[in-house]
Amino acid sequence: MSTSATPMSRFPMPDVLDLPQDLRDRILAVQEKSGFIPTVFLALAHRPAEFRAFFAYHDALMDKDVGLTKGEREMIVVATSSANECEYCVVAHGAILRIREKNPLIADQIAVNYRKAEITPRQRAMLDFAMKVCKHAATVDERDFELLASHGFTEDDIWDIGAIAGFFGMSNRLANMASMRPNPEFYLMGRIPREPAPAKA
Amino acid sequence: MSTSATPMSRFPMPDVLDLPQDLRDRILAVQEKSGFIPTVFLALAHRPAEFRAFFAYHDALMDKDVGLTKGEREMIVVATSSANECEYCVVAHGAILRIREKNPLIADQIAVNYRKAEITPRQRAMLDFAMKVCKHAATVDERDFELLASHGFTEDDIWDIGAIAGFFGMSNRLANMASMRPNPEFYLMGRIPREPAPAKA
Amino acid sequence: MSTSATPMSRFPMPDVLDLPQDLRDRILAVQEKSGFIPTVFLALAHRPAEFRAFFAYHDALMDKDVGLTKGEREMIVVATSSANECEYCVVAHGAILRIREKNPLIADQIAVNYRKAEITPRQRAMLDFAMKVCKHAATVDERDFELLASHGFTEDDIWDIGAIAGFFGMSNRLANMASMRPNPEFYLMGRIPREPAPAKA
Amino acid sequence: MSTSATPMSRFPMPDVLDLPQDLRDRILAVQEKSGFIPTVFLALAHRPAEFRAFFAYHDALMDKDVGLTKGEREMIVVATSSANECEYCVVAHGAILRIREKNPLIADQIAVNYRKAEITPRQRAMLDFAMKVCKHAATVDERDFELLASHGFTEDDIWDIGAIAGFFGMSNRLANMASMRPNPEFYLMGRIPREPAPAKA
Amino acid sequence: MSTSATPMSRFPMPDVLDLPQDLRDRILAVQEKSGFIPTVFLALAHRPAEFRAFFAYHDALMDKDVGLTKGEREMIVVATSSANECEYCVVAHGAILRIREKNPLIADQIAVNYRKAEITPRQRAMLDFAMKVCKHAATVDERDFELLASHGFTEDDIWDIGAIAGFFGMSNRLANMASMRPNPEFYLMGRIPREPAPAKA
Amino acid sequence: MSTSATPMSRFPMPDVLDLPQDLRDRILAVQEKSGFIPTVFLALAHRPAEFRAFFAYHDALMDKDVGLTKGEREMIVVATSSANECEYCVVAHGAILRIREKNPLIADQIAVNYRKAEITPRQRAMLDFAMKVCKHAATVDERDFELLASHGFTEDDIWDIGAIAGFFGMSNRLANMASMRPNPEFYLMGRIPREPAPAKA
């Protein structure tokens, strides 16, 4: 293993201090929260306008508190990113999925074969649709919507499922083109159950 | 034919007057310039945050005057959107491609089989890479970059090619999920050579 | 665009006047009716026996007035030729389809994604079967026939659908092997509504 | 096994005596020569115009004494028909191939995996091109022609290779649509070496 | 044809007399029974430990007298080996299938397109499942088991179907890697009906 | 997460104490060494003859100390098992790979997109060949052997690569058919660097 020898992105990764103020603020806020700067932030920063649009889009789809849970949104990311063989997104969002779901096994299960993962039938239907949008969007038709509705998904939920699959379809292609590498920190995140906090005395 | 009977999108299309001011301004500006409102503007407007991010991203990739020409950018859109069987993007961007290139035949040629289209070897290499990002991004490697460099593409050009393929990979999936229909106006745009302007008197 | 520079076929295109009498007659009749000679006639003429068989087969399948309409037959050609990425057939038969259906939009819709085209459910079932014959003929089974029968297709209609898909499967392969180019005239045909004839005085 | 119970074609097989004179003559001539009537003749006879065109085309491509040998033409049929999973054509033309090549093993080898068959490098190049036309005709380009030329194939030979692949692409689709069954006689033909004729006294 | 020129395996084929005693015994027993040594025995013998495991596995799956008949087991081998384009297994096990089923036509039918073969609906369901395990095992789910149960297959039968498909998935890959050639004897075996034994006097 | 609710295999998992002595010995030895019984041992035990052959084959290929390293053998397992979407093998052998290579990142990298993994060019060539055997074994030819030889692989090494890909092709199919679940212990194994042993005093 020689992460030092393999660049984190094939394209330029600017120094944070050289970036426009808004990018710098966003990146430093992430670093403060996570303890490290996820590669994607630096790998997109050489294109500030695209950076802004990318994260605005990302936040609009992933940081919502209604409809799909945040964990379910990450399930979609992991399943479709694995279909697209995107190392960065599977590893980084696999970490987030484990944390969101408080489940150390779920990300690997969904990445390898979501059909066998320990999820609910409703989540299975969600991922079936996400994978259809990922791989055969031209064949989506009204029966897909009826099936999702039968599992209780609203029209807004369905848009979210498809839009997340679409957005990461773009993200996966960018990351593969740039050979973005996930930070080593992501591989272990969410795999070790936290100690229960000691009872207050 | 009954365009009146088939909705332009399966999801809600809000009334322009009900939209936030910035969306309304953008849409009315497009309408004034084009004479009609392209479906995609109304079809995304039920999600203002995504609308803003989508068009910011679009403009960052498509409205550039350096590197790839605007016509070449549209070639990428048409070729990859056809691979994704996206009716909206092939028809609407096919129209723009004809206009940009002042060539009434080019869009259909690229949509059906770009390998046989009347383009330069450099443009062919551009589309080969765009299609690889579209269909097999996980296999992109350094030889692709070398080949593109041998045709004179800069690193920035290459990012543009891949990013456009990625962005429309998302756009195609959204349009197919929503069954967005292209406006009838697009089908004929750019197919009839303009009369030469009369000499000034 | 440089149609003059790109040959209309990679293989020899004989002079009409050098052809056997029956080929010459056929070609001149087409030219008189259409105003130009569609490439396929000249591109096949270097093989007179194959030319005769090809057009005899074509006419037997396409020039029938019972069962499928002529427009429906052209729908099959356009859908399957697009699946085979055949520039000549999609453009040339797209023109004929627009004319037969008096619909300037239908050809592009069927070429890009026939599942989203504005056609009847019966026509959709017809194209589903044609595409199955085109792409997975080995899996055709009795359920396909039952489904088509439920839409009112006779056994003769079904043979026509499959035979047209099969014949253009051959035609598409020939045209792609020879890189046949559609005549520029085809691109615009059927796109502009004719003026209604003036009332007789 | 119950060949009596399974029809030889899903579509009507007319009585030979009810056919137009020219079809009847052709079929009876085949029967006299072969000792039986191959299914395809009866299975196409319900469509006399298509029957005539089909066999005219077939003869123009398969009954030639210049360029490719008749055995090589049958190799193309067997390889491409196997790719299309066409029981009728693999079995019937496998028989003809064994006879043409006087080789009881060649047909099975080519049907299962032509890349491993005991053929010459020139024949391998021929089948590689035939399979490309069969499966990916849209990607045929000038390098294919150069490679074939380097093996000594003329332009006319190349047309023949592609046209045979194209014609049987149609034939395979018809046979699969109709579930045509090969006559039992074909399975064994050409598998048992003939006794050498006794020396004349 | 020049079987002498083409090696029976790309990897070493040891002399039988140089093999460990147990391999030698097994091979000589086969030779005595069959009259020749099938290639696979010699082609695996350079790896005695793998040889032993391979044939132990083979016998455990193929030499059973309960559940699936031996002929049905061979049907699975032929169908899946054809999907994997394995010349050795299709030809050698095709021979065994003909003998087991006393049917000279069945092996070619199943090899080319098992969906059209003259088998029972129960055997068709068996092969559909075997092909699913062969090509898309990751999508096997409970509905497959229910369908097989409805045809009377026990859980043990189902395991056998899938395990045979899996084992020959390995075998096909080894044989293709080594370019193993079937012995010429296999091609004709089981094709000629045996004379009925004369009545005992 | 509810591992208690989801069975570890869809097929019977016998009690260890009910197994034949040799199976029991093997399983208890594994349990003693690992601290738990990996699912595959119990999931195959209902078929003792297959169990014996499976593990004999496995050991012959995986427990060798010459040629490929044990870590490299596990790389092949992880890459091909991921292509086959086999949850059990990717997770269980991913754990072994991390341990063999003393690298907590390598298994996820190879599982998601081995082309981007931090491995040597020689290992990349090894995995390219393993994946070819896994997905397109029928196309393996002499050029593959030459390429591997140029990286220093011996003929024995090449057999090992292909045989491991073949063996796990079988294993993956069995595990997917049986919906075998990896033991929870595997997910974390090899991810946390061991403390360096304290210096002896």
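Letters are used for the chains, namely A, B, C, D, E and F, taken in the order the chains are written, and counting of residues starts over at 1 for each.
Here is the rule we use: a residue touches a chain if its C-beta (ideal position, glycine included) is under 8 Å from a C-beta of that chain, and two chains touch if they have at least 3 such contacts.
Just so you know, these numbers come straight off a predicted model, no measurement behind them.
In terms of the stated touch criterion, the partners common to chain A and chain E are C, F, listed by label.
Graph distance from chain A to chain F, where chains that touch are one step apart, equals 1.
Interface repeat of A-F: among C-E, A-E or B-C, the matching pair is B-C, sharing over half of the residue-numbered contact pairs.
For the pair chain A and chain D, the distance between mean C-alpha positions equals 53 Å.
Centre-to-centre separation between chain A and chain B, using Cα means, comes to 26 Å. With each centre defined as the average position of its C-alpha atoms, the distance from chain D to chain F rounds to 45 Å.
Shared interface positions of chain F, defined as residues touching 2 or more other chains, are 85-86, 113, 116, 138, 176, 179.
Taken together, the touching pairs give a contact graph of some other shape, not a line, ring, star or complete one.
Taken in their complex, chain D has these residues touching chain B: 138-139, 141.
Within the complex formed with chain C, the residues of chain D that make contact are 10-12, 47, 49-50, 52-54, 56-57, 59-61, 84-86, 133-134, 137-138, 140, 145, 155, 159, 162-163, 165-167, 169-174, 176-179. Against chain F, in their complex, chain A makes its touches with residues 1-3, 6, 82, 85-87, 90-91, 94, 101, 103-106, 108-109, 111-113, 116-118, 176, 179, 181, 184, 187-188, 191-192. Against chain E, in their complex, chain A makes its touches with residues 113, 115-116.
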